[in-house]
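In the two complexes that follow, subunit A is the common piece, with subunit B as its partner first and subunit C second.
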Partner chain A sequence: MEVFGNLLYGFSIAITPLNLAMAILGVVLGTAIGAMPGLGSVNGVAILLPITFAVPPTAGIIFLSAIYYGAMYGGAISSITLNIPGASTAVATTFDGYPMAKKGRAAQALVGAAVSSFIGGTVSIILFTLFAPPLAEFALRFGPAETFTLMLLAYATFAGLGGGNPLKTIIATLIGLILSTVGLDIISGRPRMIFGDIAGFYHGVNFLVLAIGLYGIGEILFSAEERLVAGDRVAVKVRLRDILSTIKEMVKYKRAFTIGSLLGFFVGMLPAAGATPASFMSYSVVKRFSKHPEAFGTGTIEGVIAPETANNAASTGAMLPMLTLGIPGSPTTAVMLGALVVWGLLPGPMLFIEHREFVWGLIASLYIANVLAVLINLFAIPLFTMILWLPFTILAPLIIVVCAVGGYAPTFSVFDMWLAFIFGLAGYVFRKLDYPLAPMVLALVLGNGTEVSLRQSLIMSHGSISIFFGFEGGVFSHPIAAALMWTSVALYAIPVVGAIIRHFRRRVALAKT
Partner chain B sequence: MRRLKINQWIFVTVLGFLLILLGPGTGPLTDTDAEAAWQPKKPITFVIMAGKGGGADRIARLMQKIVQQHGWSPQPLIPVNKPGGAGAEALRFLKDHHGDSHVIMVTLNSFFTTPLRANLGLSYRDFTPVARMAMDTFILWVNSNSPIENVNEYVKAVKSKHGTWKMGGTGKGQEDSLVTGMLQEAYGIKTTYVPYKGGGKVASELIGGHVDSTVNNPSEQISWFEAGRSRPLAAFTPERLPQFPKVPTFQELGKGGMVYYMQRSINAPGGIPNAARQWYVELFTKLSKSEEWQTYCKKKALHCTGELGFLTGRDLGKFFATEDAKHKKLLKAMGEI
Partner chain C sequence: MRRADVALAFGLAALAVVFAWYAQELPIGWVHGEGPGGGFFPFWLSIIMGTVAVVVGVQEFVRGSAPDRAAKRFFTEGGLKQVLLIAIPGFIMVALVDVISTYLAAIIFLLFYTRWIGKHPWWISLLVAVTVPVGIFLLFEKFLLIPLPKGYLDELFYIFY
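Moving on, here comes the complex of A and B:
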């Protein structure tokens, strides 16, 4: 087996002292960066890129991918303990992670996140190792029509993110979509929706700014009103026994792990998506197939497993098109791609042939980085849960400061910091009115790609929507798009058809009596 | 007692984060001091008028690396991406930092086209030209599965499609669409132009068979070309590119005016002291002569030497003026302005 030979060769490179040291350093820094609200793996990789100039490219990429990995683990920490997503990929982790912390199960949630991350990452690397070249060819077949139909499928999973009221879910989704249109219209190349001429809107509304505002600041306002005195955080001591028992409890959720890993890997691999939508989609799909869907949102560990497995799986998946095709599957891999060029390597199909030591060294180091990350995170859990010992009156102003920094950091723009505060106020109002926040955030993430791929497809087909059912110019040429389209049509139709059937059954039953 | 400790711990951590984040930040500091030997006193904000991972971004980070490795600057260059509004955000940022000697920017041709297309209340004249580092080139590409081997066959194939031939490229009004406009004008053909976010994406869409041809920079297609998956038909340069000796130029094929370049140059805000400008000119002169930079240019088929290479001073100002006029004409011909 050629693959195993290559992998062994890779390990021989990855365990050299320098490469191992870079992996450890990367994981530690990555976890810290991921845990800081506003700073995600993209910023981490971009800011720490100059460090890699001092070492050979293989050590450099090992360092950057360890940061990427560490950030996926670290993002969950503030999501769970503070309800502020540490990175965009960890927004979905707040849904159940924070309620768990409120119930005094923060340690369990953190263990759940670390272990899920480990499993998602490992499954994904194994898939990567075995099938990289054929999967890369598959990713290449995703053009605008395929991307748009994939997005439609993602929206179909939204129902799982909303509360009981479908109308409110739809409204929240539409607000997110409207926000996604702010900035540059890439088809015409002109700025739009910039409210006259406000320079701060030129780069659009950053997704993290919205998430930090809605979840971080909105949450503080909400809790400030409700329980300023009482304090609803239950602090607990963490013992080794808790960690072990949590791992035992998690064995039950094999299905969540499987869905999260596979879905995460495939969504991450496709050019338009990345780890953030993967984590949302996994959350909704796992909820749909769960034995206890009603427990989601109230603090079930299954709701932590789903997004955390998927975001790590997706981060590995996103490296696949980067290395094999030279196209990034996520914003972070786009920066890494730039790094390859700075090191004098040419990303793309020739990389596997011309720079074997680089590619296989990286793949082997991903296995190592994953083990390191889970160990570091498990041991540090007692430290993370200390945050919960703080009384609310001290914690609240600190969180506001962290949110301010988090609003500024993604774009280095003070304007975005104020925007985060405005979204915080809006988030408070939405929560009072019982609107779900998640569909809004996810719609902003997906909105731009959806719009662009829709318009590109329609330009290609000269305005005919038959392209989404596989036909272009009367020829059946997009089978993948057709399959995705019919699946999403079915998903949208099921609730409607179900309601009609129930209606008729009731009438039949009434007629009999 | 225990609480206090934890509070302190958190406080220190948060403070640490803040310091890390705000450390390399930039304030609107203006230099009032001497014209004498100028030296940067704090990190230099290196604005990139495009997104992360694109061509301009790669160049900026390569420059950062070269400067850092040679220790040519007492203060680091900090790359900051400002891709908003096809460069409008970056241009506005530079204008707002009038007189700030610790800001520089790496530009594309959107340096001309964006102010021409949108009313930003600024133009290239508002900035201090430092140096032109390179001129990027363009080639017409098809997928290697395609039976098309030369420009004649290409023109025939496009015509037989009656306007449904799909040409992939970057956003409207940007370089690729201008080159496509030239091509259509010269051969009297019509294509369906499909815009994408970046050149790398355009390149892979050609390989995936989603578009029929592209006008990528060589740097964007070279890996696919080496893997035998794309085919160059002709170059938009006056002479054959040394990296593609078998590929004819449009000039050779009898289309005289079909030459187009993308400039990669460095600009500073307007109103900076002359001594500061001089310091940057010296820095980038050294950079352009460095072996690393020349190797990069060779690999990516960029022009970095001779007439199309390094340029500074008054000549650079003249070059900007002719480029601006040229883009105004191109955009007018396309009905964009």
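Moving on, here comes the complex of A and C:
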């Protein structure tokens, strides 16, 4: 039982005063950010990332994952009391959470959300602990061909499963990849893509500048325009009695918890999916298997359990591929992966060997962060609802200032401050016209690895792309690469096949009339 | 919405041409003894990006004629004003960073937005405009040891160290 030894070792790291303090700070800040309408975990992690420059990487990642967790808890607060989702991950929580609050059961809904989040998160961490070491060991055998096809698969999931126009997804991915080539060519060392001779581009486009631009500044511009319409504010008081009675009530919904946790974990692992679709899927699946499907939407606690269990489970699930394969499972983990690079760590399976303290410290801290989050949430809900009183006209300029400073911090360059604002404007336009932002950030973070593995593979195969389909020198020697490649091809084909089927159906329908 | 959709798609296609132009400054083909050249990856990605963007542009042009899509406006009612009211002061703040220091620029920006756009009372505006920069100063200069740009006012900040 090597896992237990490692986990114990991890706890010994996670409970050191600095790491514990970072976890508490992260959970509190994360819950506050999650509770603010419009801002979610990805915004929180991107905006607060510069703080981690002051601490060692282990404390840094503990801080970021605590924010991630906290935001998942916090998102439910404004969903339930205001009918405004605190983050996209909490949209499904409004379906039954707000009706419950209207019926005078706001306390029950909030307690239900917190307890569900705790259960979803904990089940998911246990799965994570069991799955991570074997997956990392498997990934250790990956060569350049496997690495490249794996990254291609990550991009393909966005086009195949991401919804929306797949061509726009492809454009977003390509922009991220092209931005990653700005600066010095990693192999020949020569400057490239510096657009004439612009000095600010020599150090490349820092991913944090893009993340802060898109998720910080762009988000504020977007919310400045979208006037969020709040329902009637519901006053909340949570007493110990409410907590106990709600937990008693929730015991009979074991099936909702099981579906939410498992669905969340596995959906969360997929790069394109993450917590938002996981929460929607869980809501509809739990509704289908519920004894009282008619109660959904009118304010049943089962309708709060389903999405809240799933979104927390998914956020842990998304960390599994990030840590073991170096492929983030959600926008937030993409930003976290970029942070790893900034701290000088090489994401991927080697972390499990070279940085045991980092990996196991993080895993243990997830257990701790989850306990902290549920306690802080149950006893400080009224405090967090006060954050909702903070008006946009104070929050917005505050975040803009923090973003400007955050754009400067990683590179010490005012040029990057400008760049962050330009990315902010671009992100705003992209969001309005349905170009997805997540693949762009993911592609910028993974771009270097993608290019290096592509070029190394081509050198190995003397310029033949057959290596990605498993063949090297005419011999089938890379089965994993072949499997990953064909899956990517299939994912890119899904939208095309779908469009063809729709086209023929329409023609059949027209012929009938 | 249709005009914006089509314009962005063709704008991105043009951007892809710019990318491709700068990418081919390094070899885009096979370099003997080195494998694919430094321009190989960005160049071919730009070519794909340009092609896909043109397809999207044509797609939006055809699809955009559907009444539900054509009627939708890019900006919501009064939305442009709200966006510009935060974007322009934001850009001005960044422009001032290298002149009157990050802190003074932030104070002016925060005061302007909370007082004139947000219409908050003076004491709230002042509270926000002072505590935020002070907090940033403590976090970055003292805790993170990252000096932020101070423009021509560099010497004024000596007293704070």
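Rule of thumb we're sticking to: the second predicted complex is superposed on the first by the 275 of 513 C-alpha atoms of A that agree within 3 Å, B and C clash if a C-alpha of one lies under 4 Å from a C-alpha of the other, contacts with A are read in each partner's own complex, and residues count from 1 in each chain.
The working rule: a residue touches a chain if its C-beta (ideal position, glycine included) is under 8 Å from a C-beta of that chain, and two chains touch if they have at least 3 such contacts.
Values in this document were obtained by computation on a predicted structure and should not be read as measured data.
Trainee: Figure out whether A:Y202 sits in contact with subunit B (first) or subunit C (second), or with both, or with neither.
Mentor: In the superposition, A:Y202 contacts subunit B only.
Trainee: Once the structures are superposed on A, label A:L244 by its partner contacts, choosing first (subunit B), second (subunit C), both or neither.
Mentor: After superposing on A, A:L244 lies clear of both subunit B and subunit C.
Trainee: Using the superposition on chain A described above, determine whether A:L18 touches subunit B (first), subunit C (second), both, or neither.
Mentor: It touches nothing on subunit B or subunit C.
Trainee: Thinking of the overlay built on chain A, is A:L177 touched by subunit B (first), by subunit C (second), by both, or by neither?
Mentor: The second partner, subunit C, only.
Trainee: Considering only touches as defined above, state whether A:L167 meets subunit B (first), subunit C (second), both or neither.
Mentor: In the superposition, A:L167 contacts subunit C only.
Trainee: With both complexes overlaid on chain A, does A:V414 touch subunit B (first), subunit C (second), both or neither?
Mentor: In the superposition, A:V414 touches subunit C alone.
Trainee: After superposition on the shared chain, which partner residues are touched by A:R190: those of subunit B (first), subunit C (second), both, or neither?
Mentor: Once the two structures are laid over each other on A, A:R190 reaches both partners.
Trainee: By the touch definition above, which subunit A residues appear in both interfaces, subunit B in one complex and subunit C in the other?
Mentor: Residues common to the subunit A contacts of subunit C and of subunit B are 50, 53, 187-188, 190, 194, 394, 398, 401-402, 405, 408-409, 412, 456, 459, listed in rising order.
Trainee: Which stretch or stretches of subunit C touch subunit A in the complex?
Mentor: Of all residues in subunit C, those touching subunit A are 1, 4-5, 8, 12, 18-19, 22-23, 25-26, 30, 34-42, 45-46, 48-49, 52-53, 55-56, 59, 74-76, 79-80, 82-83, 85-87, 90-91, 93-94, 97-98, 102, 106, 109-110, 113-114, 117-120, 124, 128, 132-133, 136, 139-140, 143-146, 148-149.
Trainee: Across the complex, what residues on subunit B touch subunit A?
Mentor: By the definition above, subunit B touches subunit A via 2-3, 6-7, 9-11, 14, 17-18, 21, 25, 51-54, 57-58, 61-62, 64-65, 68-69, 76, 79-80, 82-86, 88-89, 92-93, 117-118, 164, 166, 171-174, 177, 192-197, 200-201, 203-205, 207-210, 222-224, 226-227, 229, 295-296, 299.
Trainee: Give every residue of subunit A touching subunit C within the complex, in rising order.
Mentor: Against subunit C, subunit A makes touches at 50-51, 53-54, 165, 167-168, 170-171, 174-175, 177-178, 181, 185, 187-188, 190, 192-196, 217, 220-221, 224-227, 391, 393-394, 396-398, 400-402, 404-405, 408-409, 412, 414, 417-418, 421, 424-425, 428-429, 432-433, 435, 451, 454-456, 458-459, 463.
Trainee: How about subunit A: which of its residues touch subunit B in the complex?
Mentor: Listed in rising order, the residues of subunit A that touch subunit B are 36, 39, 42, 46, 49-50, 53, 140-144, 183-184, 186-191, 194, 199, 201-204, 271, 325-328, 331, 334-335, 337-339, 341-342, 344, 346-351, 386-387, 389-390, 394, 398, 401-402, 405, 408-409, 412, 452, 456, 459-460, 462, 473.
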